[in-house]
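Have a look at this one before I ask anything.
Order as written gives the chain letters A, B, C and D; numbering starts at 1 within each chain.
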Amino acid sequence: MLLYVDSRRSKLFKAVRGVRVSTDKGSLNADDVLGLPWGSKVKLSTGVEAYVLKPTLNDILMKGFRRVTQVVYPKDISFVINLLSIAPGSKVLESGVGTGFMTAALAYHVGASGKVFGYEVREDFARTALRNLRLAGLDDRVDIKVRDIREGVDESGLDAAFLDLPDPWEALQEVRKALRPSSPAVIFTPSANQVMKSLRALRSGPFLDLRVYEVILREYQADPEALRPRTLGVMHTGYVVFFRVV
Amino acid sequence: MLLYVDSRRSKLFKAVRGVRVSTDKGSLNADDVLGLPWGSKVKLSTGVEAYVLKPTLNDILMKGFRRVTQVVYPKDISFVINLLSIAPGSKVLESGVGTGFMTAALAYHVGASGKVFGYEVREDFARTALRNLRLAGLDDRVDIKVRDIREGVDESGLDAAFLDLPDPWEALQEVRKALRPSSPAVIFTPSANQVMKSLRALRSGPFLDLRVYEVILREYQADPEALRPRTLGVMHTGYVVFFRVV
Amino acid sequence: MLLYVDSRRSKLFKAVRGVRVSTDKGSLNADDVLGLPWGSKVKLSTGVEAYVLKPTLNDILMKGFRRVTQVVYPKDISFVINLLSIAPGSKVLESGVGTGFMTAALAYHVGASGKVFGYEVREDFARTALRNLRLAGLDDRVDIKVRDIREGVDESGLDAAFLDLPDPWEALQEVRKALRPSSPAVIFTPSANQVMKSLRALRSGPFLDLRVYEVILREYQADPEALRPRTLGVMHTGYVVFFRVV
Amino acid sequence: MLLYVDSRRSKLFKAVRGVRVSTDKGSLNADDVLGLPWGSKVKLSTGVEAYVLKPTLNDILMKGFRRVTQVVYPKDISFVINLLSIAPGSKVLESGVGTGFMTAALAYHVGASGKVFGYEVREDFARTALRNLRLAGLDDRVDIKVRDIREGVDESGLDAAFLDLPDPWEALQEVRKALRPSSPAVIFTPSANQVMKSLRALRSGPFLDLRVYEVILREYQADPEALRPRTLGVMHTGYVVFFRVV
């Protein structure tokens, strides 16, 4: 559940007996909200009003997931989901899994009939990702292997692939074997040098429709009498390299 | 099917007997590609090589849809899908439908078990949107009504709403009635004035979690020896206003 | 003088006998660098090498000026200097003066033969600005009056005007009287609401060539093996509204 | 003189006897405006009203200069002038000169007591630049040599340098010899690859304070009832690499 106090304060919590949720505006017993319909107004210990909301995917990612790596932000997650044409039922390859933000988003969109096959070299990352996916109720749609993707992919005939690795260019032939010909894939990478290396590798292999993007998000102060972008913000996360395998 | 010639030339076509596909690099008989697997290499009449690819959602939207209004671009479509937490099975309200870009994307992500309820005042727009949705094979997931949303929404208990109207602030109470409490909704609007009017209306009603965003996309020249953003591009499409109903 | 240690550490100091300059990499006696040519390499108390550099205008603004208000950043300062067509000899009107960043930049570019006439309602701001201008050696080119510009401008026949006020639209007629017909002027303002109000006032008065801009600066990590924009940064400072008086 | 008709139509012309200025809203005899003060309202042949304005530096660059190369835009020109700390009296090195946009801006700001030393390998470019500078009345402050800067610079003790060359990294040692130690210099270059090569060369030589920037300009529709950035625009011109010589 999401306890929404105001635009700066909201908290994700598990609605189980005995849990107490604290915010700097007051606290709440989970017992008191069990059974309430979504959107109910409640009172914190201090008398401050709050709301009990159904969390969105982003609420769960941003407020519930334990982070162990640099994560992929919603602005990039959503753009990649679109480029990869993820639909209910899609079978998707991912490497590395890291904290599991992208894994969760992929699992969310492929639905109960789809599957995400994740490769992650570090066991501790894989374990945290799985814990996060369980929190989101998405773990049954995900199959995580602790393995370097360059050592081989077990699957074939997949619909799309997402690579967030230090050396994505070394994984391209495995991606190609795993995907059905004509399928889309995306590399997400922070520096222009890695984009160049990826493009060079993609150009020499049998890959098509190479494209490079960057998504810049500006959040505004939501004040109708002083509308303006927030002063400080995230200027850069990474570059998105799109391609198709044949 | 998508006939991919090179990074500047690709064409969406229906693979039916007798159809001839032309590009400025040569043409092709659809008969010759019927039955070929995705990703097959073919030769155009001129000897130029091309590929037969499975179209992504964006290929269909950008190359197949007939346009009758200003459309919502993939950068915004994907960000909104994410904000609205659209999943397989979601029931979504949309107004207006216009050319049907956003309708198609919503229908794509809600899957066979979900539904999009679209309100559109102009019958000619509704007709074109339906034709476009049929082309994408998504028409059975969409229910379009030729009606001003302010005259009333038939549905209730929906999961999310998307508004792309000249006066979105006049539709807020209907949105509220149609959505389950705590559900997310988005207004997409081109000018700062409309954002302000929307925020004023949202602040006076029972709406929560107001946020305003702008997504800027930069496409790069995909050349590893001369990596740089393209010189000209789309600097602005619209502002994204997020809120939740209670 | 600017003591440059590395890309994160540099310090502006006055090279006078007895002064000691401290950095977190070591300290230096000003006495030891008196008389050294610009660009000389020196050793800090810790043995760390540093350089004695001639400060640029920005070094003085960013590292030397005491700040009492929100300041105008170099990205906006330079764009405005350009729009206003400031040249050696220009006579410029400014209101308000605030911390004096823009005042100093204007004074720098008008040279010894030009003049900046600054209006500032708050005496404490005016005093700090004057102190800052003295530090930059530019005070003799500036004439600061503690006065609300709406109460009247003493000068006439000026070449350009810069307004950084909460209500710039109320100062337009005074700006018009002070400038020679056909001269350029700029309003700098943080919110879209203020831009709208300014445009409405400009449209009703005898003003021409209205334009609105926003300058976004991205600073990159200057690493040739990992070139990428810095993760966090300034997303917004203000909008630049240009016009000409007739 | 600048003939200003409306926000989309303005024309730079020489006010000499017998000249006729045409716009798509009507024409004007230069004879009729000779002697009129700046800002005067005039009538075109069609009865449409227009204004006679004193051109700004940008009016002259953008509307008067004949272009033979890719030019440097005002957003970058102004930012570079600021980084280079150009003041009245500055002596500046430039290579290549190209169309002369940057040359003119430098000459404008160094004033009558300063000087710009321009190196340009192509004689035809040098000739056009000189013609352009004459039009702007700035040619006496500029000394253009038809020479590859790598063959040697005649000047020394200069205050700043601007490089807009395909291989700027090959000119660094000549820049170093020409500038006084501690002086600022800027490389302007379109691709990330050239930025990397420049940074590598700068890191190995005796150069300090390396910084990389990108200036993004958004122009808004100046309509107070529909304020929004223009839909299409320039997404990229070039990267700005700053350094200091010692």
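Some observations on this one:
Basically, contacts are C-beta pairs under 8 Å (C-beta built on N, C-alpha and C of every residue); 3 or more make two chains touch, one makes a residue touch a chain.
As the structure is a computational prediction, the values presented were derived from the model and not from experiment.
The chains in contact with chain B as well as with chain D are A, C.
Interface comparison, A-C versus C-D: the higher number of contacting C-beta pairs is recorded for C-D.
In this structure chain A contacts its sequence twin chain B using mostly the same residue numbers, the overlap exceeding half.
As a whole-number value, the distance joining the C-alpha centres of chain A and chain C reads 42 Å.
Rounded to a whole number, the gap between the C-alpha centres of chain C and chain D is 21 angstrom. Residue numbers of chain C whose C-beta contacts span two or more other chains: 192-193, 196, 218-219, 225, 227, 229.
Because contacts link each chain to all the remaining chains, their graph is best described as complete. Residues of chain A that touch chain C in their complex: 190-193, 218-219, 225-237. By the touch criterion stated above, chain B contacts chain A in their complex at residues 4, 7, 10, 37-41, 51-54, 56-58, 74-75, 77-79, 81-85, 87-89, 105, 108-109, 111-113, 180-184, 192, 195-197, 199-200, 203, 208-225, 227, 229, 239, 241, 244-246. Interface residues of chain D, counted against chain A in their complex, comprise 192-193, 196.
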